[in-house]
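Common to both upcoming complexes is chain A, partnered first by chain B, then by chain C.
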Partner chain A sequence: MAAALAEDHDLYGPVIDPPGAEPRFDRVEDPAAVRLEAAIPYNPPKSVIFPQAERIMSYTYDRAARRAEIVRDDHVRPKALVGLRACDLTGLLCLDRFFLGQEFVDEVYRDHRKKLFVVANSCVRPFPQCFCVCTDSGPAAREGYDVNLTEAGDDYLFEAGSVKGEVLARRLGLKDAGPGAAALKARIGEAAVARFDAEATQNKAWISRVMNRVTTGFVSNDIWEYIGDQCFECGACSFVCPTCSCFNIEDVAARSGQTDRLRSWDSCSYEGYTRMAGDHNPRQPVEDRRNKRFFCKLSYSQSRKYLRPGCVGCGRCVRVCPGDIGMSNVVTYIRREIAKEGAE
Partner chain B sequence: MSTHSGVCNFCGTGCGHLLHVDDGAVKGVFASPGHPMSRGRLCVRGWHIHELLATEDRIFAPLIRRNGRLEQASYDAAISHAAERLSRYAGDEIAFLASPRASNEDNYLLAKLARTVFRSPNIGLASDQGHGDAADVLLEGAGLPAMLGALTEIRRAKLILVVGADIARLNPIVGSEIHLAARNGAELISLSSRRTQIAKLSRRHLWLNPGTLRHALAAVAKVMVERGWEDRAFLGSRTAGFEEFSRYLAGLDLGSLTAASGLTAAEVEDLARRLAGAGSAMAFFSSGISGLDRGSVALLYDLFLAAGQVGREGCGVNPVTGICNIVGSYDVGAGPRFLPGYRRAEGPAAGRTPRELLAADPTPLKASLVADRDEEIVRHAARIRELECLVLVGAFNTPFLEFAHVVLPAATYAETDGTYTNTERRIQLNRRKIDPPAGVRPAWRIYADLAAKLGAAWDYASAEDVMKAIAAEVPAYSAVTYARLEKDFGLQWPCDDRHPGGTARLSVDDLPGPLKFVGGPADLPAPAVSGDYPFLLMAGKANYFWHRNNIMKKTHIPKREYNALLLLYPKGFVELTAADAARVGVRDRSAVNVVSAGGSMRVAVRVSEDVKPGTAYVPYFIGDMVPGFLNARGFSLDEDQDSVIPVRLEKA
Partner chain C sequence: MSAPRPGVIVTVPEVAVIDEIKDEIEDVRTFYFSFENAEVGRRFRIRSGQFVMCTVFGAGEFAVSLPFSPEADRPHLSVRQVGKVTRALHELRAGDKIGLRGPFGNGFPFAELKGRNIVYAAGGIGIIPLRSSIVHVLQHREDLGRIILLYGARSSKDHMYRYMIDEWRKIPGFEVHVAVDRAEPGWPGEVGFVHTLIAKAAVPVKDTTAFVCGPPVMFNAVIQELLANGLKDEAIISTLERHMKCGIGKCQHCAIGRTLVCTDGPVYTYKQIKTLGEQI
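Moving on to the complex of A and B:
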């Protein structure tokens, strides 16, 4: 399947390179290098359609004539992203809703997205860092894919989720799985969920209770200061998060004489992120920036643009944080406060 | 694949990263989860190194100054011109300034060029305050002139003492390791004059009076020995010189030491007890961008030695370098005072650094070859302008070009092979990932070309060849090869026949002789306030160092972040407590004159509870502050990190 996709797409998927390394999403030339069985790759797949740094247009300005000539960048190639686990797939849906589902439609993202073929890989077991069952984003992929694969013994159940998926199925000559397939997929999903207690041990996070608390705003400032003290202001949580979409635009004069407009990842953990002209900064202290992040993910009023919670339970922020303030820890701190109040 | 493993080129932590290369250019960076030390973390700088590598604000062609203007030339013409001009000078007329960010290969050949071709011992290293002192003390005391512990063992330390450094900002991932160790139960104690982020995260912050670190360390050592808490078994079997150290301590007055330090007797005693009783303990201090003076390092080392916290797992006295290859520069002989392999440069081999030569008035210096020179603040600008021949080798465009007569563009670290040695002695290989701009050469090749012009035919076909030469001359590198470096995430020196896999940390079972007490400083003057100058002003270099670093200006996000404070306080700031500000009659953002015996400056007030009452803090990065206020007084930030000036504050 990967080989077929590779014929007319740039292929991306989880790879383990060199052998023994941690899995990561990367471009692959050889379809055999895609490792579907790999654990959650360290980096999120969003860079495929929302690159870390991207030139979105360039222009030359004729000062005398007072006229700018603008060239939209048309560099987007068809890409196939194989091996998206349910959490990352849900992240993709959040980005779709953010960039395409609001009043302003992001043309650059839309261009990437339309040329993307998505092959999801429903999880049959959790990894230690997972908590998608807490964020209703797995382990089985539900929607938004062109193809979904579910490992069933030696085979994979292949589900087409779109016309593109159906076309691929016919091209590969796949045979119908029969009437029991849906029930089989459901059983596999239940078996996966049942394994969370024993195997997904690192990040149990009872998010729903905390979402309620964060939404209604009753989290004391002490907690945010406790979290803020531990923030190293590195931005990593935003960069590894499958749903984070904040970006910075910068115009850079190129040697050739034109000016390039660059879009690059940004992070609300940075002090300069919300600073405005006139130097007013509504979130200057670090604790205010931290509470913004968790409101964005957990508060109903901010996450409703995603039509679901803003966290997908992938556990990456926990691993990458130099402090100890990944999602599951923050949820724990807030829950402790709720519990303390309950005891009073 | 389009992502390739490499090592960050900013600070001395040397985190692993993955560079995303597409279409011959670096387009992104990601943290490398497999790196044994950084384990998938990066700081704001590391997360944006791709912005630096993508910049077109570079030097693309060799330049020669003619009739006051820099004009393009060929490498051959520029190198010939530079060689001919530089060779006119001798003795203290000529000096070389190496870059702490350049590779071992670059710096080894620069040092070789200076010493063997120009026959000049005058080599210095930019942004290197204090590391030489730390190396000196640790060499004398432990035979290992760098971090005694290993960063990978931080999680095994039972007690961690952070001395002075705002480590969470200087080397964030080292700060992270320390913080996570504390969250897992390690006792974290900060000893500093300012309440830094790591101090806020510490179980105990021992809040020192400015300029009294030596007093505090001496007091703790004295109490430890007076109470008999020192590790006698260890001292008896593994060390030499303890009796002399005891006598030194006995001659000190505990009461006045404690009083000067601003700590309570209970705090001093508590630290002594904990340090002596901890199963393992590490000390961290900044070295390089900002460093402790020799006396402080000596006392810290002797204190840890007395407590038996040297040479075991989870132990160490650990200078943390702020720039990626300060340690390597010293290893290969490009730092002042040491030849390659840490042979002390003595007699005619002991040269003077460009900084020392320029500080003399009049200066004998007439010519210099300078690499990179990232630090924007130029002291002695007038004297540098008077130089007859200044040759600059570097990759990035820099305002320093205005001083140069010949400019030779170099490749960036992603455009050439090279090794860099981080603060825990880990030699790491960065492979070339992209091509340099057309015709641009790596710095090591430029030095070889200069040597060739002057009749010295070196034979290095590649950076790897240079490493072979380094391995042959530097004993601690003798078993290092590119192949071995590439197999894992580098090797920590000493890496020789006895330690083919490298050496994570100093180990008591592996010592050629006893560990030696180095001895404390003879005098311990405490900064004094007076009626005229009732405040103690701390001038801090490390926190905002990267703000005044030229390469940071080539980025977007880090540049924005380092600028954050400057936008709020465009003319600089002095931190005061709210109570002190009220007493002076000023408030946040209002102007104040800071007056010392040697001069005054006008800055804005920044109210902060991170300084002690009666003290003030000024970051060195503000425009005219260094050449103006600080240098005018004869005060030099080249001294210890805890540099202190008595001042008074007047509402402006």
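Moving on to the complex of A and C:
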């Protein structure tokens, strides 16, 4: 399948390279290098359609001739993203709803997205870091894919989720899985959920209760200050998050009189994030900024833009945070506060 | 949320020509512009209180409020040089070109002002974003109650739009009060901070909407005075500024509370501002 997609798409998927390395999402030249069975990659797949840095336009201004020419960079190659686990697929849907919904469509994202072929990979068992069952984003993929694969013994169930997916199925000459396939997928999904207690041991996150708290503002300042103290302001949580999408835009002088307008990932944990010209910064203390990130993930007002919580339970921020404020930990701190009040 | 109105320049800036530059006060200039493509200019319809993203070629892009009125006014930007990009803008001369995207943001309420008294309280260059509404409202005086401008700055040299204010004084029914913070030789007008003008102008409370814009100290003093006089939170309107990159609700730099200044603002009632939970 990967080989068929690679014929007319740039192929991206989980790879383990060199052998023994941590799995990562990357451009794949050899379709055989895609490792569907790999553990969840340390980087999210968002960079495929929302690159860490990209040129969105370039311009020249000939001041003597008073001539300005602006060229939009909209040449985007078709890409296939293979092996997205349900959390990352849900993250992609969050980005879709955020960038393509609301008042304005983000045209840069749209150009990438409309040429993307998505192959999901429903999880049959969790990894230790996972908590997608707490965020309602897995382990099985439910929507938003062109193709969904579910490992069933030695085979994969292949589900087409779009016309593009059906065309691929015909092209590959797949045989009908028969009337029992849906029930089989459901059984595999239930079995995967049942394994969470024993196998996803690193994280638990009672998101829904905490969302209510964060939304209504009833989280004590002590908690936010503790979170602020724990934050190294490194931005890693933002960069590994499948739904973090803040970006910066800068005009950078390129060759001979041409200027490129670059957009690149940004993080609300950085001190300069809200600093205005003239050095006025309305959001100074680090806890203000941390508060912002968790508000973004866990408040109803932001959820309206994603049509779900902003956290998809992939557990990457927990692994990457040099402090102790990955999502599931923060949720636990807030939940403990709720529990303590209940006991009083 | 509604779809963007036709004519809004979303992603790629449209080129505009700087037709004329006027020195206003120290570090502030007004740039009169017209779009290179006349059709773009015709489709560029603003509401007062909106803003644009202005590209200075080679330097970058910044967000700036629109000072001109949607009706019968000449398009321009009034900009203080304060950072890298605005300093580069000040280097430009008439005939130079810039890029513009927008207009963005919600804009000041206008329809619901009918029959009400209107007070503008501005400090320093805070009058720039209010100018649009003032000029607009003055064209509809017959539909409104008292119209009052309370404007103050550090010294008379810091008064923006002096030539405009002189014209405004001549308009019957427009009560214009201009002050300097400290007495200076030859200054014939009021002396004192803007909030002290509220009593001097006998600002009415009933059926009054106040527009407030200025530096945080002035802003807070004016708000406290208006509230003390009995004005309701929702009758006080302001416009906020934030660091912005996209203008269309995606980059998130201007997030404040649960809102984005670019798409939910920049115009907020004081009632809303109080719930944002962040500094102005």
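The criterion applied here is as follows: the second predicted complex is superposed on the first by the 335 of 344 C-alpha atoms of A that agree within 3 Å, B and C clash if a C-alpha of one lies under 4 Å from a C-alpha of the other, contacts with A are read in each partner's own complex, and residues count from 1 in each chain.
Note that contacts are C-beta pairs under 8 Å (C-beta built on N, C-alpha and C of every residue); 3 or more make two chains touch, one makes a residue touch a chain.
In this text, all values refer to a predicted model and were calculated from it rather than measured experimentally.
Asker: Based on the superposition on chain A, does the combination of chain B and chain C result in a clash or a fit?
Answerer: fit
Asker: Name the contact category of A:275: first (chain B only), second (chain C only), both, or neither.
Answerer: Both: A:275 reaches chain B and chain C.
Asker: Is A:27 in contact with chain B, with chain C, with both, or with neither (first, second, both, neither)?
Answerer: first
Asker: Quick check on the superposed pair: does A:106 touch chain B, chain C, both, or neither? Answer first, second, both or neither.
Answerer: The second partner, chain C, only.
Asker: Would you check which partner chain A:266 touches, where first means chain B only, second means chain C only, and both and neither mean what they say?
Answerer: Touch status of A:266: both partners.
Asker: By the touch definition at the top of the document, which applies to A:237: first (chain B), second (chain C), both, or neither?
Answerer: neither
Asker: After the fit on chain A, how big is the angle at chain A between chain B and chain C, using C-alpha centres and going to the nearest 10 degrees?
Answerer: 80
Asker: Examine A:130 and indicate which partner it touches, taking first as chain B and second as chain C; both and neither are also allowed.
Answerer: Touch partners of A:130: none, neither chain B nor chain C.
Asker: So, A:327: does it touch chain B (first), chain C (second), both, or neither?
Answerer: Neither partner.
Asker: Look at A:17 in the shared chain and tell me whether it touches chain B only, chain C only, both, or neither; answer first, second, both or neither.
Answerer: first
Asker: Return first, second, both or neither, reflecting whether A:229 touches chain B, chain C, both chains, or no partner chain.
Answerer: Touch status of A:229: first partner only.
Asker: Rounded to a whole Å, what is the shortest Cα gap between chain B and chain C in the overlaid structures?
Answerer: So the smallest C-alpha gap separating chain B from chain C comes to 10 Å.
Asker: Both chain B and chain C touch chain A; at which residues?
Answerer: Looking at chain A, the two contact sets intersect at 248, 250, 266, 275.
Asker: Would you tell me which residues of chain C are touching chain A in their complex?
Answerer: 1-4, 10-13, 15, 17, 36, 55, 57-62, 82-86, 95-97, 99, 241-243, 245-246, 248-253, 255-256, 258, 263, 277-280
Asker: Quick one: in the complex, what on chain B touches chain A?
Answerer: 1-3, 18, 20, 27-31, 33-34, 40-44, 46-47, 50-51, 54, 56, 60, 168, 172-173, 175-176, 179-180, 183, 197, 200-201, 556-557, 560-561, 563-564, 567-568
Asker: For chain A, which residues count as touching chain B in their complex?
Answerer: Going by the criterion above, the answer is residues 15, 17, 21-22, 24, 26-29, 42-43, 47, 51-53, 229-230, 232-236, 239, 248, 250, 252, 254-255, 262, 264, 266, 270-272, 275, 279, 319-324.
Asker: So in the complex, the part of chain A that touches chain C is made up of which residues?
Answerer: Against chain C, the touching part of chain A is residues 56-57, 59, 61, 63, 66-68, 70, 72, 98-99, 102-109, 217, 245-251, 253, 259, 261, 266, 268, 273-278, 282-283, 288, 292, 295-296, 299, 301-302.
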